[in-house]
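Each structure below appears as structure tokens.
You will see chain A twice below: alongside chain B first, and alongside chain C after that.
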Partner chain A sequence: MSHHTTPSKGFWTPANILTAVILAIGLVLTVKRFTMGIGSVTNLTDDNPWGIWIGFDLLCGVALAAGGYTTTAAVYLFGMKKYQSAIRPAITTAFLGYTFVVIALLYDLGRYYRLPYPLTIYPGPTSFLFEVGLCVALYLTVLAIEFSPALWEVLRWKRLRYYAHSLTLVLTIFGVVLSTLHQSSLGGLYLIAPSKLHPLWYSPYLTMFFFVSSIPAGLSMVIFEGGLSHKFLHHKMDDRHLAESSGVTLGFSKAAAVVLFAYFNLKWIGVALDHNWQHLATGWGAWFLVEMFGFVLVPCLMYAVAAREKNEKLAFWASILTILGIVINRLNISLIAFNWQLPAEARYLPSWEEIFITVFIITLEVTVLRICLSKLPILHEHPEFKGAH
Partner chain B sequence: MKRRKFIGMLAGAGASLAASPASAGGTHHFTGYPNSFGVLFDSTKCIGCRKCEAACNKVNDLPAQPEPFDDLSVLNARRRTKHDKFTVVNKYEVEGKPVFRKIQCNHCLEPACASACFVGAFVKDATGAVSYDAARCVGCRYCMIACPFEIPTYEYDDPITPRVRKCTLCESRVKEGKLPGCVEDCPKGALIFGRREDLLTIARERIRKHPGQYINHIYGEREMGGTSWLYISGVPFSQIGMREDLGVTPAPELTSGALSVVPAVVGLWPVFLTGAYALTKRKEKIAEEEQRHAVAEAVVETEAQAAIKLKAALDKAERDKQAAVDKAVKQALKEAEEARKQDESSDTESNKEEG
Partner chain C sequence: MEFMTLHDFMFWTKGMAYVGMGLGLVTFVAFWLFVTERDEDRFADKEEE
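Now for the complex of A and B:
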């Protein structure tokens, strides 16, 4: 996201050249992955069957796409109509986020072409992964319908737009139910492996931790992207979006502060419940404290101050810290504190090709997002549908 | 293992909620299929000859290994199962003496892999084997995350049809009445194949008869809810690479409580959320009504005030009019009086003149 979208500067700006290079190398690696196997591009082993494609692309991707359900719930269910203009950017990000989570998953699945199996002919409902799959598939459908009015407006298909729009309330409730379930289920995946995940991160409350932390994650993404749009896509935003954006930032800051505080306390209840205090004195304990204080409590307080003093800049920095904290938490659970008892030489470190494919998918997502933001009525209202919410 | 009837709970969300985590975990205890088979490994008898590895390789048609099976130097490295090695023997030095331990799928009574698989590709058979169906597998490798014994392996280098690979307990051979490959070729009787119940009896008997030779623990009797493979040893199991901190909870029970919350969320969340929506709507409606009320009241008040003002103005006009009339009348009367007086005086004067 940069200034280069302005046509006067030409297409081959530095940012676009970088994008093109990443996409080109990514395509080569994609061919390698699908012709020579997962092993040809990853450092995955029998001890470490899940790497960053699950730990980062799936776990962080889904958590950071939580802005969709948090924003729609705030506006449509809890009556915060003044945040209306935050809806479309949040839904767009969520929709693209989930779409690319599924695309990334295809790289990781050994037999990607069987992705529909669990939802069709061979359901395995005792698995938390089944719940994740089912809810993500349904929620992706919900997001597609919620996203579609922007498309129908551009195409001037008023009837479809009307139908999609009339479903708003039902879709919002459905979206919150599905998000509650799959956000928590991602934590639930690790409930079955208490012997592999470090006790400070393992807890019977994992499902609740994942759900609760997804709320500040989603709110922070809305604040973060709002800040970026304000800076780089100012010309694409109409008066309403510009006028409401500071209200959205400060209102969401307040909510994020409250939920982060609740999350901070819940995590300590988790430590207390299993009586894991003795682990705090170890190296792992120090790392746990860094996560808890540096990336949960500190952004929580920053948000609180930002909301009270109406300081949007502080809220922006708090959102970055919160997002980093969510990423650290998910990586801790899936990779860093997972298999903590294995000898060092058996531990997992991603290969450069694995990392590059992740970068490739993110670049692809950002590129599509940039196109959507500049071509579709997302940061501004379509002139023919003004005020039609 | 379809013990948790998750679908049924989803269907009867409300009903199952009342009994939730308790019914999900279940008060009954699954002790394995009756008469199912298992293998007892006696580490005091194992000499680390790798004959079992060779047999396993042969009966399962696994690819040739770079090191021949009579090369015993590989025993010194920490090895684990691989996609082309369903069993390995590792050597441990305990108090200066070598102790050997064989690794392969333990064929849990309630397998973590089967509970974790989202397409039901793993099944615990009545024979005792935990079998894998590659025709269902999507390749998510969650079974490998879930397995507490780190047994399932993956064909990472196959781009199209990679499979999870692991020991099958030679199920097809067992059904033909043969022994598993490894058991058949063990020259020292370190492996005994039989019904799990009988194996437990044998193990207990050995421990009872030779208390100095064995530690008093049958590994697999209760670990993770029990396994079809059982182990006895002369040294603590933790010293031969076997985890003693796994607990006795069967893997499915680790997730059943949290999974039982799912129907509750499906059942209750829409109610709460619709409630929140209704409250919001109601608040908006009340606010709207109050506003309308206030406006109406203001209008009435304004109108009343206007009426009062109008009346006052009218009254004033009336009063002014009356005053003007009075004034005019007064004036007229005064003028008339004056005229009369003048007449009178002129009459007197004329009378005087006449008189």
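Now for the complex of A and C:
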């Protein structure tokens, strides 16, 4: 297997030094946040109670972690076994993605120690937020069990691995149901604010838009990470992963092209149903068109050409554009086009500390991901469990 | 475009949505053919090894 030929490098590489600096500053800001309160590090106000920790860390984090349910559904529910090798990287990314979404949420909650309250003390079953909380908690549990066999294999705990693996189909069904629910409910959170969100982004169909757009987001993350793994962790991949990676990229490109095409059409039907055409001639309309054409239609066509021409490099670039598009869409809805009628001085701009804590959380996630990919059988099969998936 | 009644508004907006859906579906067929045109053995129903 090719993953035995690990190149040896010193620990203090430029990337590791940068990581260490970001983590050190982030830890200081974390102490400040949890000892001096949320107001000491953020520009949040009563007009803008949700900042980038919700708009970016949570909304984008959940959408981009959708690779877990899309990949497991493709393999275990639709029987596309040729994508089997993408399962573990996708589940690892999703598990870490959701874990760090919850960690980011702890920063944003005024009284973070009350995180379990909605499920225990004050359940509000008519609230979208309750539904999101319940689904994320359950789905994180599902992902933890789906992720665990890699850990049990390294620890050689065969019985636990057997039990976790035997739950695969049930967990996949559970994961798809929970993801459908909470991906859409995150959009549903904004249904309460039709007067605050710009009409081009507000729609009674926000729930559907969030769910549909999460599918290409997840697929794009799998393609993007597959491309990066192929480039930087080539030595960790075994022959099967290397052989199947091209098929995964091109197959997912085709799926992403189709769903992006559907999403593009649905968004315009949303504009038509609310009769928002007149807003297209404004500055906000120009920005909406940039999002729709530059970050939905263009990557859709790039994916289509990539799938048709079997061009993996083009698929990789399309995945970057799609990921950027999802980030722009979620930021537009939660921050940029939110409170659009307020005067400039009352608009929200994140403080440098908020931005740095977001960078800190992403760096922490990437660091844990790097450790998982290098220490666990994710990009290769464990020698004692070959073909046991 | 000015609407005098709710019926006018619904008729116009739903009409536009239906036209959009029709165009979208027709375009999708062309899009799908474009994406899959060069696939090997498009009409075979075989199991992947």
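Convention: the second predicted complex is superposed on the first by the 382 of 389 C-alpha atoms of A that agree within 3 Å, B and C clash if a C-alpha of one lies under 4 Å from a C-alpha of the other, contacts with A are read in each partner's own complex, and residues count from 1 in each chain.
Please note the rule applied: a contact is a pair of C-beta atoms (placed from the backbone, for glycine too) under 8 Å apart; a residue touches a chain by one contact, two chains touch by 3 or more.
Just so it is clear, the model here is predicted, and its values are computed rather than measured.
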Report for A:273: first if it touches chain B alone, second if chain C alone, otherwise both or neither. second
Between chain B (first) and chain C (second), which does A:200 come into contact with in this model arrangement: first, second, both, or neither? neither
- [ ] Using the touch definition from the top, say if A:188 reaches chain B (first), chain C (second), both or neither.
- [x] first
In this superposition, the partner of chain A with more touched residues, chain B or chain C, is B
Margin query: Between chain B and chain C, whom does A:164 touch in the aligned arrangement: first, second, both, or neither?
Written below: neither
*asked:* Contacts for A:82 in the overlay, against chain B (first) and chain C (second): which applies, first, second, both or neither?
replied: second
Using the touch definition from the top, say if A:372 reaches chain B (first), chain C (second), both or neither.
-> neither
Given the complex, residues on chain B that touch chain A span 1-4, 6-7, 10, 78, 80-83, 112, 114-121, 136-142, 144-146, 148, 150, 152-162, 243, 245-247, 251-252, 254-255, 257-259, 261-262, 265-266, 269-270, 273-274, 276-277, 280-281, 283-284
Listed in rising order, the residues of chain A that touch chain B in the complex are 33-40, 42, 44, 46-47, 49-50, 73, 76-79, 108-112, 114-115, 117-118, 122-131, 133, 169, 172-174, 176-177, 180-181, 184, 188-196, 204, 206-207, 343
Interface with chain A, chain C side, in the complex: residues 1, 9, 12-14, 16-17, 20-21, 24, 27-28, 31-32, 34-38, 48
In their shared complex, chain C is touched by residues of chain A numbered 80-82, 254, 257-258, 261-262, 265, 268-269, 272-275, 277, 304, 307-310
